[in-house]
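Worksheet for the structure shown next.
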Amino acid sequence: MKLLAFGPHPDDIEFGCAPLLLLEAAAGSDVKMIVLSRGEAGSAGVPEEREQEARRAAALMHAELDFLDFRGDCHLEATPANSIRLAAEIRRNRPDIVLAPHPTPNQHPDHFAAGVMVRDACRLARYAGLADLKTLAPHRIAHLYFYDITQHGQRAPDVVMDISPVAEDWRAVMACHASQVSSKGYIDLQLASARLLGLTIGVEFALGVYVNDPVRVDRLSALSLTARNF
Amino acid sequence: MKLLAFGPHPDDIEFGCAPLLLLEAAAGSDVKMIVLSRGEAGSAGVPEEREQEARRAAALMHAELDFLDFRGDCHLEATPANSIRLAAEIRRNRPDIVLAPHPTPNQHPDHFAAGVMVRDACRLARYAGLADLKTLAPHRIAHLYFYDITQHGQRAPDVVMDISPVAEDWRAVMACHASQVSSKGYIDLQLASARLLGLTIGVEFALGVYVNDPVRVDRLSALSLTARNF
Amino acid sequence: MKLLAFGPHPDDIEFGCAPLLLLEAAAGSDVKMIVLSRGEAGSAGVPEEREQEARRAAALMHAELDFLDFRGDCHLEATPANSIRLAAEIRRNRPDIVLAPHPTPNQHPDHFAAGVMVRDACRLARYAGLADLKTLAPHRIAHLYFYDITQHGQRAPDVVMDISPVAEDWRAVMACHASQVSSKGYIDLQLASARLLGLTIGVEFALGVYVNDPVRVDRLSALSLTARNF
Amino acid sequence: MKLLAFGPHPDDIEFGCAPLLLLEAAAGSDVKMIVLSRGEAGSAGVPEEREQEARRAAALMHAELDFLDFRGDCHLEATPANSIRLAAEIRRNRPDIVLAPHPTPNQHPDHFAAGVMVRDACRLARYAGLADLKTLAPHRIAHLYFYDITQHGQRAPDVVMDISPVAEDWRAVMACHASQVSSKGYIDLQLASARLLGLTIGVEFALGVYVNDPVRVDRLSALSLTARNF
Amino acid sequence: MKLLAFGPHPDDIEFGCAPLLLLEAAAGSDVKMIVLSRGEAGSAGVPEEREQEARRAAALMHAELDFLDFRGDCHLEATPANSIRLAAEIRRNRPDIVLAPHPTPNQHPDHFAAGVMVRDACRLARYAGLADLKTLAPHRIAHLYFYDITQHGQRAPDVVMDISPVAEDWRAVMACHASQVSSKGYIDLQLASARLLGLTIGVEFALGVYVNDPVRVDRLSALSLTARNF
Amino acid sequence: MKLLAFGPHPDDIEFGCAPLLLLEAAAGSDVKMIVLSRGEAGSAGVPEEREQEARRAAALMHAELDFLDFRGDCHLEATPANSIRLAAEIRRNRPDIVLAPHPTPNQHPDHFAAGVMVRDACRLARYAGLADLKTLAPHRIAHLYFYDITQHGQRAPDVVMDISPVAEDWRAVMACHASQVSSKGYIDLQLASARLLGLTIGVEFALGVYVNDPVRVDRLSALSLTARNF
């Protein structure tokens, strides 16, 4: 299995869905992260520093990491041209599973712009005739999931996982982003959210994602774990 | 694995979710069906005939079948007392997976009343102090899924399955309800719906259900099948 | 100001909205709690013990406490007759603000039954001609709010409050329900939820409620506190 | 065409959908109203007076009027037994079009209880085997529409009509309910709502209803009137 | 009556709403189709071939056909400039009824981009002062409807029609797009969907659309056909 | 308190939320309006005339007024660059409260484009590192509210206010836009809507807005006014 996670800024994947990637890497999956800016507009941290923080985090995660430039932080725009650029990345990397921020508005505009671009890119990646991408073989992903970055408590997740085995690793991954975690309780926020979801499903820490398509299984009993604790 | 499917009338389980039960029976799961009336109010078929039809269908499905009486067809009412009666059945049968009609109104009133009763019963089955049920050990189910009966195209399913391997068996199971299928295109309706969903996920026939709780997996790659065909 | 909080079981008000009541009691408001069962069906605790726990919690909260009997835990039913009984309580107590569990299904059936009964009772309390209540003067409440009990992360709250000043008191109030907090992480769950919401609005602990009617103010600047932290 | 409108209290049909019935009566349709209480709980007006008001209104509307007793105002309950009673009325009256209050909660509990009862009754009216109704031939209605009583601005209507030609008649019909219109601005409320909707579709006064089923036409151009004014 | 249907690619109108146009042409309405790309990115078929397929289909439909260029398939973008270009087409063609793909995301990005562009264009077409369009007289359409292309079962349609009389013609129209129908079951998909909806309303094949504005009629009985079959 | 209201065209703020600004100005708040076009595309009125009308209205409102140029009426586009321009205005003006049109589509495309741009601008205004804005100190607003322009009856407002004390002033403010109010009933529309909402909360005229974030108060009793009249 190959996973490809997209994040608008250098720390979004780490805060939003790193535990899922840590679980996959531990299970032998290939994990790659593509970041769409260098966090140039952040109140703290300069781009070089933020790139280095991301590289340290990626090393901890045993994940490959690339940066793309879409005119910088706060300038992500969900245009066909930008979605086609991401579709090219999908064709190059040929993932089974793609992860992107939730495309619902009302947070950092880059967050949902990234979600929309990735969602559309997953479609475009499979149209063989698209001239802009003719040097890359079409690719059909199997799954697109959306993750939350700092939005919590707005909607129930569709798929949940026990991330307790990687909770300490996650904390270390988030802490790599030293420039972002000094003043604000971002790490506390993510752990509080994971603890809350964990309590509702009966584990210490849990993380959820949102599906773009129905979950498909061979038969109902293939879903053997339960999320019914309260 | 043990599955317990509830249906308000003698043919609702067969039309709504029999393919899922056929797949489970073939995989060695225990399957039981509990029907909450004998279809006394139907425009065609008398109760004895309808019970016989259901028994023939259950035999084809290798499923156990029970009938309960809640004052008959068109009289199902989602009261605490009725939910407690169903909770008793859940305690007696101790299923891992429970199936019920979707609890959203606007169809035969018995359909969503059954959905509400079963949903509430799944909760009540696990409260140890409930005096009405003190002779039966509490039981916590793992999964509750809802199925559609004759409502189609109202909402996207959460979990989908390829039912092509059992499509012919399903047709035979539905045909057991001879009193119901003479005048109206019920069998055609279900097959058209399954064919449509099948086309959208890339198989011949598919069936979907709705979750009551998030799907829980160990990690994302545990969901290896894709529903992305269009 | 007088507040009247309804709870289906002896600990629901304490776990769901006690911090709001503690803030009010500290500000000089009158607070009363009416509990609609003695928690007879719980897996732990007997009714006498649970009533005593609730009385200790009420004492800590400087709140009045009454119990009503609606055929016991797991038997709450949102009938007109039951709503009229609650309307009588509203007429007797004449609150400005009423609190009830959220009336959305899919949790303990008593929880949303209580929410529905209270919502309807608030209407019925003001119809002067209702013969069942003719010995009690009609009363029009000013506000109805809904609280969550153990459902978290399903929907965004409408009104949020900083409860940090009473967080320790809340913990003590919840701990009064010793029979309920031994095996399950209920206290942890509520604190994790309050911590998560607190982080999102920039305080240590926060709690939110849901409105039944629009919020009304004299002018926009009357809402001087901000919930925009992330 | 025959229309059958159900209302929970003596003035609800008149305030909620009388203009639609006036238009139909003028066009030669048969119009009947069935009221499910005598408004016994209202703050003003006694049952005898309210029945007389309703009879005067019905006379103005050239509509037949019946009263049914469901234990009185504030006691309407959406049980199978009550829905079956209404199904009997539907079988007796054999309408093409049925009108009922919107079944969404959060208003007078009788209002949505009536909506739910009528919606379910429309289903039950067509099940030939229902023993409770065996002396009455099954009847399949063609259309079920929901109307608002005093809820405004909560949702957009599905079908709108210019009621300007009957606006004065409507005012007179509402004024028949003298006991209800003295203290509160009910007539003003309905006219303000109709004026607002009228302005949005380009007529003086308009009224909207909600559908239970899709609108069906022979072809798109059969819908020749436009609601696009703003 | 004049109908103007917009489609992002050469086969979308034919697959999505051709039956409605066939019914209109048969009834004497003028029908025009405007296609916003030549399907340049499709996995099968080259632009010249696809244009020819569309022209053959238009001939079968007795419909006029135009192509516009918005930088090609996969590049449709809902900008003001593009909406203004479509508004110009609306002013030139002066339709009563406009049809466009549903503007809800999550399918081919061109599909919902086209829906958004057309929806906005219908507004812009009527602002007399818009300098970009000053050589064209403003035009106010009467109706905007949205159609589904390959999304099925996501939401209930607002207006449904019996398309059985033109089902065979529709099949022939779809078959004109030979390059698109060889490998994938597109024709089967549309017919399965139409058969399913047909069964639910009691005809052989049916098609539904979504409204942008409420349906307006003179009076309720003007809607004489029923969609209540199940 | 400082309020900053954004409007796409010269009359939108006046028609949509002027009463709220009038109440604030009367209470001593600073009020500023920024208009994003000069209404160049309107069917009536030329830009110079419309600017003068807006200036007269602003004078009546004791509000400051600025115009920005985003390529003119009908050309507003929610791009990052445009949102950054508005963020610059927010940094320059440093408001506590920001008002913008509701960002939900399906009205004049400029209306929701303006809503989206302002919503995103409120986020961008607080990111210190954003190079485009480095000469302006970051600013964190306290509240973002959305207002309706000519959409009514689509959704219930979150916050309502009695605007009766300024209803006559509002009428005068709207009447300043003489070029817009001659042919269409815009003033009537707004007053009918305000009258309708007023009746539902028990005052003569009321206006509502929509929140972007939860309302935050110190405690529940801080909300002392009630909106429960019907």
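As written, the chains take the letters A, B, C, D, E and F, and residue 1 is the first residue of each chain.
By our rule, a contact is a pair of C-beta atoms (placed from the backbone, for glycine too) under 8 Å apart; a residue touches a chain by one contact, two chains touch by 3 or more.
What you are looking at is a predicted structure, and each value in this text was computed from that prediction instead of being measured.
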Pair in A-E, D-E or A-C that repeats D-F, with over half of contact pairs matching by residue number: A-C
Pair with more cross-chain C-beta pairs in contact, given C-F and B-D: C-F
Cα-centroid distance, subunit E relative to subunit F, in whole angstrom: 36
Geometric centre distance via CA averages, subunit D-subunit A, whole Å: 51
Residue list for subunit D, restricted to those that touch at least two other chains: 107, 156-157
Subunit C to subunit A touching residues, read off their complex: 107, 150-157, 185, 188-189, 192-193, 195-197, 199-200, 230
Subunit C-touching residues of subunit B, taken from the complex the two chains share: 79-81, 83-84, 103, 116, 119-120, 123-124, 126-132, 138, 212
Subunit C contact footprint on subunit F (complex, rising order): 1, 3, 20, 23-24, 27, 29, 96-97, 140-145, 156-162, 201, 208-209, 213-221, 223-228
Complex interface listing, subunit B residues touching subunit D: 39-46, 71-77, 105-109, 113
